[in-house]
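The letters A, B, C and D name the chains in turn, as written, and every chain counts its residues from 1.
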Amino acid sequence: MNTGTDTPGTLADPIDSTRIKADFPLLSTTRAGTGHDRLITYLDSAATAQKPQAVIDALTNYYETTNANVARGVYELAEASTNAMEAARRKVAKFINAPAANEVIFTKNATESLNLVARSWGGTNLGPGDAVVLTQLEHHANIVPWQILQAEKGFEIRWIPVDANGHLDLTDLDRFLDGAKVVGLSAMSNVLGTLTPMRRIADAAHAAGAVVTVDACQYVPHLPTDVVEMGADFVSFSAHKMCGPTGVGVMWGKAELLDAMPPFLGGGGMIENVTQEGFKPAELPHKFEAGTPPIAEAVGLGVAVDYLSALGMDAVREHEVRLTSYTLRTLADRFGDKLTIHGPSEPAERGGVFSLELADVHPHDLSQVLDEHGVCVRAGHHCAKPLMKVLGVGATARASVYIYNDESDVDALADSLEAAASFFSF
Amino acid sequence: MAGLEDLYREIIIDHYRSPRNRGELDTPPATRTEGFNPLCGDEIVVYLQLGEGTGDERVIEDIRIGGQGCSISQSSASMMSMSVKGKTIAEARDIMRSFKAMMSIHESSLDDSVEEPEIEVDEMKLGELEAMRGVVKFPVRIKCATLSWNTLDQGISEALA
Amino acid sequence: MNTGTDTPGTLADPIDSTRIKADFPLLSTTRAGTGHDRLITYLDSAATAQKPQAVIDALTNYYETTNANVARGVYELAEASTNAMEAARRKVAKFINAPAANEVIFTKNATESLNLVARSWGGTNLGPGDAVVLTQLEHHANIVPWQILQAEKGFEIRWIPVDANGHLDLTDLDRFLDGAKVVGLSAMSNVLGTLTPMRRIADAAHAAGAVVTVDACQYVPHLPTDVVEMGADFVSFSAHKMCGPTGVGVMWGKAELLDAMPPFLGGGGMIENVTQEGFKPAELPHKFEAGTPPIAEAVGLGVAVDYLSALGMDAVREHEVRLTSYTLRTLADRFGDKLTIHGPSEPAERGGVFSLELADVHPHDLSQVLDEHGVCVRAGHHCAKPLMKVLGVGATARASVYIYNDESDVDALADSLEAAASFFSF
Amino acid sequence: MAGLEDLYREIIIDHYRSPRNRGELDTPPATRTEGFNPLCGDEIVVYLQLGEGTGDERVIEDIRIGGQGCSISQSSASMMSMSVKGKTIAEARDIMRSFKAMMSIHESSLDDSVEEPEIEVDEMKLGELEAMRGVVKFPVRIKCATLSWNTLDQGISEALA
């Protein structure tokens, strides 16, 4: 995977964000009467991405021409609906280079995906004396499911620490892995932007006999993803952060592991047979998709994948590396020591997520003032409270960029930060 | 749009109305394997009696079919039983491969963005089973047609085990 | 609740289905090139309902003007998004007469809702020696979660039987309830249309010390719902069967029970605090809504509720009782003994769900021929295999009606049934 | 649209910059109660020292505030500490009720289709706390303003228990 870049600045940005912005109705139209009588500067894509017209249209089109429940209907409409969802599954599989489409499980969000792994794999394989290794970078979605299980199964949770630059400190990796059965690892931090050395950790984990479950929420939308090259056993992510709809996520897992795991949720669609005495689960992927799936949402995700693929994920990554360089440079130039940007300073080692601290202005107050200038950033703990504690803060203000952002958005951010600094200096 | 006549060939209806090799075999010596189509509730039971010998050279001396389901799943099972009875496991597997290839080539071509390996359909091996070709125009029914074959496949593994 | 009707036939049908059909793009436009060059006769609303333009537009509008992640953002867009979702929650609460909006939990579908109840309430309160009482009418979604839990906790599952008319046989109710801790009950069968005597069973269950979890998937879309009057402790249903989008379901529960239950899925949004040592769950409803919720979908559900409320659920019920009478009469007149219709024969005792058996034509083959005539019905076990076994069939062909269906649809069904009978008599 | 001046009144900024009753009390005899705003990470710690007596007639003899958070949550906590110190529990609860009413009336009026009971705001009881009224125009921040009060509420229960 190319997580770096080829000398940014020497070639033109492969992504024309101005043209792309026009594809996103929310970013390209003013909304009078809602208080939004101007274009907004959307810098919260790490929380959720905006949706291109093509994805919105796909939902409309699905409901207007294809809507029917999947998998169980003989009639043509039900078949068309099933085909649309299964085509989306194959698109997702290809997008992440999954060896087989039936390893792609549709969930409601990455959080369900990560809970599925913890409950279904962990619930079967963990007990007292075992260890689960997490990192201090993790989002609550890859922490709390393990803590819930821990209360029941009594294993130990170990934490790979974060160093002063926001990288994982792997000095004691071997010691951490000794006796470990699971490693839960964020591919990219949603707070610091840190890209983690997944392959190295995965190889070490496998050597120690542990499975690796990767939280790729912030990775899949932004970098070319190859689940095989990653060395992962399970990879979870959400559609809504990659230009897709809310209400659908993905859990990819190796077929041999998924086959050996018990089902997670029980219900229609996930069974081969049910009697009053018991049930027999269905084959993959249905085994893990109980109930009516998020059909329209999966179809929308498929179109989001088409949209990103047309841009090219290498191009997306290069665009973001460039914009990250520009952001780090601009903010340093304009604010110097007054502004702290947490996380790695090298654009090649991080994504476009910037946790900011401006002098003594609390992040909440900061983002309130920024909003007044039409700049949307997120303030809070970003569902990473253990990491907040490591950073020694209660919250940060986080700006994050995506394909539709460009230098002008970063400039607007900087201008509004200046306004905030002066507002609070009264 | 494919017409119903493509699906319901006369020979299929005939096998549905008068299923061949219907019944049971004593287990043991025979094996009994159940298959379900989870989507619609069709059930197939395959009884297999293999001859002496080793591995794939053993002969399917007898086969019986139980269960219930639609005309496609039932007639497919009936035709299957005729086509493999008296054959060696190796031969039966050949037929199975050809039959599934006939089904899956068309299954995939219905969707965009698919890349499945093209498997050669050996039409010589199929004989009467060719009548099932029309099913592929009704993709939801493909699972009905392949249910008995998948159950046979599993049954062979169990019988050899 | 008015589950009956006031002398159908004497007054005009309160629902004008012809006008309503015009609100549903999929039902009112022909789709050339898709094989659908005519209007279809959609009789599969028990599987999923079609969507009115207003719901489809709500999704578009959400993504074009309001899309942002909820609950955590200070900026105005995030606030608007949060408000939109919370407004939908209150609409749903009002629609089912929930005492408080925070008792309404958004899930991905009814199946997740029912799993939540089983895992979170059942996982905490059940053990060896306990009993869970289900009915033979149940959908797999209210069976398999209990079977999964049973394997772990070792309680007994008892089955309230179904009589020859498709009603629950309550002769031995007291014996069933003796020692029971949970009663899992479908409010209306998705196979037979049977309306169950919920209040009677709930009162008896409570007297025996059991909680009552109601599968109201087929009830909430079709009848005025009052969760308090029902006597239920938990009520689960899906948006997609009530004109809402896929990807969202509801679990309503009594606050005092929900407060005492452990969370189900762990992750962002459901915590009050997380440290490396453990977590503290958030208040209702967030405690049970881990991760990014189905935001657009919840908003769409809110609009579906508006749509149904504008029609009036009493009117919806009366329309369906009339149409049920017409269907039962028409099919009996035209097919006599050749056609079996499972379930109660009294329209007041059932919903508009008709499981059909036509002579010796297998349901699959039947629905294939019906599709050829543009009539969409479902063939299969309808995720109720234990009930199929009771009925002594492997599958049925099921036609089901909703607000947009009228006599002409029933006539089209009857015509196509005749065509099937003649096709298979060769 | 509400302006920032509605939110950041001077008195609020003053309490933020110079929080009153900041610190800790020895536990016991005092009680210590933590409150979190799960959405943003704000934390408030309330230390309470009640006087002798029974139930709601006991006096809040001393109160101290710890924790960290935004200007709204911190200034609200500071103002709260001033307004309840020296008051009986009953009086403190009265003020709390008035303050929450001020917050929630507006919270609900922002949405359609709401039916929450209208609670009378007793403005007399609020005094300086009135400055917080601007917060209701920024609904996301209401939770910041009410955090300390909810923590106090819980703290009182614990102290009385």
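Going forward, a residue touches a chain if its C-beta (ideal position, glycine included) is under 8 Å from a C-beta of that chain, and two chains touch if they have at least 3 such contacts.
Note that the coordinates shown come from a computational prediction; the quantities given were computed from them, not determined experimentally.
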Worksheet item: So what's the Cα centroid distance for subunit A and subunit D, whole Å?
Response: 36
Worksheet, complete the sentence: Taking each chain's mean CA coordinate, subunit A and subunit C are separated, in whole Å, by 32
Item to complete: Go ahead and note the Å separation of the Cα centroids belonging to subunit C and subunit D.
Response: 43
Discussion item. Where in subunit A do residues touch two or more of the other chains?
Written reply: 35, 72-74, 76, 78, 269, 271, 273, 364, 368, 379-380, 385
Fill in: Shared-contact residues (touching 2 or more other chains) in subunit D
1, 39-40, 138, 141
Worksheet item: Quick one: do these chains touch in a line, a ring, a star, all-to-all (complete), or other?
Response: other
Worksheet entry | Full enumeration of touching chain pairs | A-B, A-C, A-D, B-C, C-D
Fill in: Parts of subunit C lying in touch with subunit B, wherever the complex brings them together
35, 362-365, 368-369, 372, 379-381, 385, 388, 394-395, 423, 426
Response to the item:
The residues of subunit B that touch subunit A in their complex are 1, 36, 38-40, 110-114, 139-141
Worksheet item: What does subunit A use to touch subunit B in their complex?
Response: 71-74, 76, 78-79, 82-83, 86-87, 90-91, 94, 269, 271-273, 280, 282, 286
Fill in: subunit C residues within the subunit A interface of the complex
25-26, 29, 31, 34-36, 40, 42, 44, 47-48, 50-51, 55-56, 59-60, 63-69, 72-78, 80, 107-112, 114-115, 118, 136, 139-141, 143-148, 157, 159, 238, 240, 245-249, 262-263, 265-271, 273-276, 278-279, 290-297, 364, 367-368, 370-371, 375-380, 382-383, 385-386, 389
Worksheet item: What residues of subunit D sit close enough to touch subunit A in their complex?
Response: 1, 3-4, 7-8, 13, 39-43, 68-72, 138, 141, 144
